[in-house]
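Here's the structure we're looking at; comments come further down.
All chains are identified by letter, namely A, B and C, in their written order; residue positions are counted from 1 within each chain.
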Amino acid sequence: MSDLVFENVGIRYGSGRSAHEVVRGVSFTVPSGRTVGLVGESGSGKSTLARAVVGLHEPCTGRILVDGTDVVGARGSAASVRRTVQMIFQDANSCLNPRMSIGASIEEALAVRGRSARRDRAQRRSEVRALLEMVELDPARAGDLPMQLSGGQRQRVAIARALAAEPRILLADEITSALDVSVQGTVLNLLMRVQQRLDLTVLFISHNLAVVRQLCEDVAVLKDGELVEAGPATEVIDRPKHPYTHELVDAVPRIGTPLFGEGAAV
Amino acid sequence: MSQPVAFVLRRLLRLAYSVVALVTVVFLMIRLIPGDPVRNALGTHATAAVVEARRESLGLNDPLWKQYLDFWKGLFTGDLGDSFALHLPVTTIIEQRLPATLELAFLSLAVVLLLSVPIGIVVAAFTRGGRRPTVDLAYTSVSGLFAVVPEFLMGVALVYLFAVRSHVLPVAGRLGPSSYVLPVLALSIGVAAGVSRIVRVEALTVFEQDYIRTARAKRMPRWRLYFRHALPNLVTSSLTVAGIVLGSLVAGTVLIETIFSWPGLGLTIVDAVRSKDFPLAQGIVLVYGLIVLVSNLLVDIVLVCLDPRSALKET
Amino acid sequence: MALTTLSSPDSALTEEGGVAVASEQTRVAASARRRFVAVLRSPIGICAVAALIVVAFFAVFGPVLWGDVARQADLTQLSAKPSAHHLLGTDAGGRDVLARVLTATRLSIVTAVLAAALGVSVGVVIGLLPTIAPRRLGRLINSALGVALAFPALLLAIVVSITLGVGSVSVTLAIGLAMAPSFARLAQTLGASVTGRDFVAAARILGVSRPRILVRHVLPNVRDPLIVNASIGAGTALVAATGLSFLGLGVQAPEYDWGRMLNESVGSIYVNPAPALGLGAAIVFAGVTFALVGEVLARAFGLHRPSRRRRRQATHSAAASPVLHVADTPVLSVRDLRVEAPQERGWATPVRGVSFDIGRGEIVGIVGESGSGKSLTCMAVASLLEEPLHVAASSIRFEETELVVEGKLPGGQRSKALAHQLGTRLAFVFQDPSTSLNPALRVGTQVAEVGLLHGGLKRREAFHRAVDRLAAVRLSDPARRARQYPHELSGGMRQRAMIAMGLMVEPALMIADEPTTALDVTVQREVLALLRKVNREHGTAVMFVSHDISLVSSFCTRVLVMYRGAIVESLSTEDLAAGRAEHPYTRALVAAVPHMDAVPGTEFATITEDTEFPLDAVREEPV
């Protein structure tokens, strides 16, 4: 069981004069085994926050705790703790190496897990197949290159690769926003099933409130790098307290509900 | 502090350490020559005493760090030593020869830009989206051929045509405007062909941009589309190319001056290297380097004035 | 743990899987091989291979076959003109020039290839080192590279040859080292574009070591352009080596290459031009060969596709598509619109016969997923599609003007009157406001242009009106904004400026192609409010294209649903909201949209990836 705690995290881009703080004093917890949604508009710092957990950005202030271990600038044992956090990205086109078969990509993730590197090839192969089955892809396609797969399938391979590292925490960064709505559901359902089956802790980043409301137990709302509201998803989205959350929820289009009432001031 | 000013300051700093690197390389160039450069230059017939005296006068017997400091001191006082062969101060020789080289390089740059930018844009306009495959093929073949022909071959070919076949234009020396025609052409034709290909590719990329589609939705005449909407977006990349091209034009003058007996630095450095006149060679390399560095700086500053966003791209 | 239990113990399946993997890999390799063969069989491929064989032949066999002849000095024939015995004449030493040219091929080519190989190797190491080296070392390498790049390669080569002395070995080293900085920069740029991608981030997160990332992830993705440039670089090295030898700074007697020979023959060009011309031909031939090989490799790797165009006769669709909705006073009336696009082989039909009307003042939504043809449809209607796309229709009427000529919709400029009509009555708002505005022109200038072109306004009047229009789309401080460049405005402001552009005149129809997809939801709401205001106040009909069916249904009065290039259903927003959609695709699409009132924790509705919906339209309304 692993939880993920942000303590007063601040992240800055650039240095000196051109420094620009994109995340300021953000604190919240992703409790073990739960799915927490992180919502906000572009530039709100939600992706930056997630990338800081896995070391792609360095926070200038605060701590990021995985299971109680600070992973900021992690070395040695803290780095291996950080490796229990894996991330899935938005762009299905760039998340897989175009020159590596999907099987090889997953196998690489198995190999760096350490102990399995000593295991024989055949066993790794069978694990690759098991992972592909788990993400509902035909194991016979292990030799395919990413370009032979659709966007939704590639995103499922990315999930399989993340799972190969046996993570305790998954960061999903806008994983369906580049996909068509008809494909989106499949990927989200897969994430939901995997989360339940492996009892994962998930930080789900999205700008789609409807998806977050249905998928996540809790939600945190970011605006311009600051946390404005957090709490149980249905509560925050159905009865927003902060005016910004209110504005966000109001702007969501709903089938058949006119975006502007008749005669509304426009 | 505003972005462009900060950029220029940063750029000046880079110029400073580029100059330090240049001076250091030029200084080491002679000191790294295997064996004794003085013995090399004076030949085997010179007595040991003569060689030793020359070494002493050049300061080659001092420790390396002292030589380096002296070299810098010399630079600031305008003293680059004396030429072995011509027995004149290196700075005097450079002063005499520099204008001819600069004229050649900058006239060629002007010709390159005047030819390549319009040709590149017009050909791109004619052949975009796979239109007129014949024009495309003809242009690609001809420009490809010219781009492959090195400037010294172009020079030899022009000498052949104008010295052997007809006698319309002079093929050697620097006397009167007509003597400029062949050297400038030889230096610029190949480069212009290559640059026009780059401009064409850039123009084709610009034509594919969304804002050109926006402009088309306004239903305007074609010329306005190309010159009002596409051209301003090509200035930046054309100038960038010009900066790179100027360097190779300066280098090209070495060959062209040799072919056309053009009394510039190129002719001088080739003689200097052949006769192992190291102080002169050293001085000329330094000047070439400074020309390139300063003109690159100017191009960058002009770019920032035209398009302030390019200051942001620079890291 | 969990994963190990998931592993399949079935060994039979392993073998099957193994076979399948092998066959898949063969298939991918086969498609790459097919492209290679196709390029080799094209005219340029044949030329390149033939030229390469010729160059390689003389490089290998030249000294063997003609080496002896080249050494024989015929003292009775000094600097002779061409004759049957000496095709290119003889040199000052009475030796046959042709034999010497052929013999010198080896030294000239080997020098060039070795120098290029040296330049590429050193360049790649220097260029890619910063990706695995500690950050500070990486920065140091970068600044050193920046300084080295400022100097032209030929000058660097002269410097190196001054230090190393003259001769063929030092020429190779000089040119190789002089070329290294530019290859380093290339490798660095290519490497940086790869390391910025998510799969490298994913590998880093997994804990893959830096050297392994370099070898497994970066190198395979930068290899192809590097090989292409190495080939072109060999040509550059050839020219540089020849140039140095020509200056007397390269190969020295008794060795000789083309450059040295050219130097000797230029002096006698007045008496005997044949040697110089022969040498020139040899140098150009070799240079062209390297350039051609580079081009062919680029095409074979798929880096550079030759632009192709095929002529095509107008095709008639097998069955005329049904008209799903007829408006009483249509501003736009489209019948049987088809768009065809050339493929590697044959033609694809991304829009396969659509017919619809848009009434005056209506807000019609066109909804569909990526590849459904919705954007192409509206671009075609606005006469904005150009070759190589091919647009055909039986009729497109815009405000009583027939745009179709002989079944085809000609792209580009036609009559002035038509340009005026389309320019004043039809406005277009594009998807991404950050790319749709010209970055080099002021916002006001761009907005004003329509007034200048079609409104008969003077420059100053047009600019004033542009400021007025910017105020009308509620841009704060419009006079200042008009003087700014697009990058100084936010995404929402830019999209307002695009709309203002359309309002310079009185458009009857505004086509908005995903106008809010690139914007945040709160900004989206403001832009849509503006579109609705335009619709209310000016009676402008809006054709609103979107992938988001809930957005379309909450903004439009009528919805056209597109699926794989066909309109499968046309229905009012009320019917859609009330669940009265009839086409299975429309129903599936509506069901797949996540709802704000769904039960938390339940699964999302899905459309199985390979579901085939019928392309036949439903709800045919009587004409």
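Worth a mention:
Note that contacts are C-beta pairs under 8 Å (C-beta built on N, C-alpha and C of every residue); 3 or more make two chains touch, one makes a residue touch a chain.
Computed from a prediction, not measured in an experiment: that's the story for all the values here.
Counting only chains that touch, the fewest steps needed to get from chain A to chain B is 2.
Chain pair with the larger contact count among A-C and B-C is A-C, by C-beta pairs in contact. Centre-to-centre separation of chain A and chain B, using mean CA positions: 52 Å. Once the centre of each chain is set as its mean CA position, chain B and chain C turn out to be 31 Å apart. Multi-chain contact residues, meaning those touching two or more other chains, do not occur anywhere in chain B. If you check the complex, the residues on chain C that touch chain A are 1-3, 6-9, 13-14, 16-18, 20-25, 28, 197-199, 201-208, 216-217, 220-221, 369-370, 520-522, 524-525, 528-530, 532-533, 536, 547-551, 553-555, 573-574, 576-578, 588-590, 592-596, 598-609.
Interface of chain C with chain B (complex): residues 143-144, 146-147, 150-155, 158-159, 161-163, 165, 235, 239, 242-243, 246-249, 262, 266, 269-270, 273, 276-277, 280, 283-284, 287-288, 291, 307-309, 382, 384, 386-388, 413, 419-420, 422-423, 426-428, 430, 432, 435-441, 446, 449-450, 453-454, 487, 498, 501. Within the complex formed with chain C, the residues of chain B that make contact are 14, 17-18, 21-22, 25-26, 29-30, 32-34, 127, 129-131, 133, 136, 144-145, 147-150, 152-153, 156-157, 159-160, 163-164, 209-211, 213-222, 228-229, 232-233, 235, 247-248, 250-252, 254-255, 258-259, 269-270, 273-274, 278, 281, 285, 288-289, 292-293, 296, 307, 309.
Residue ranges of chain A in contact with chain C, taken from their complex: 41-42, 51, 54-56, 79, 83, 85-87, 89-91, 94-101, 103, 105, 108-109, 112, 122-123, 125-127, 129-131, 133-134, 139-145, 148, 150, 152-153, 158, 161-166, 180-186, 188-189, 192, 197-198, 207-211, 213-215, 217, 233-234, 237, 247-260, 266.
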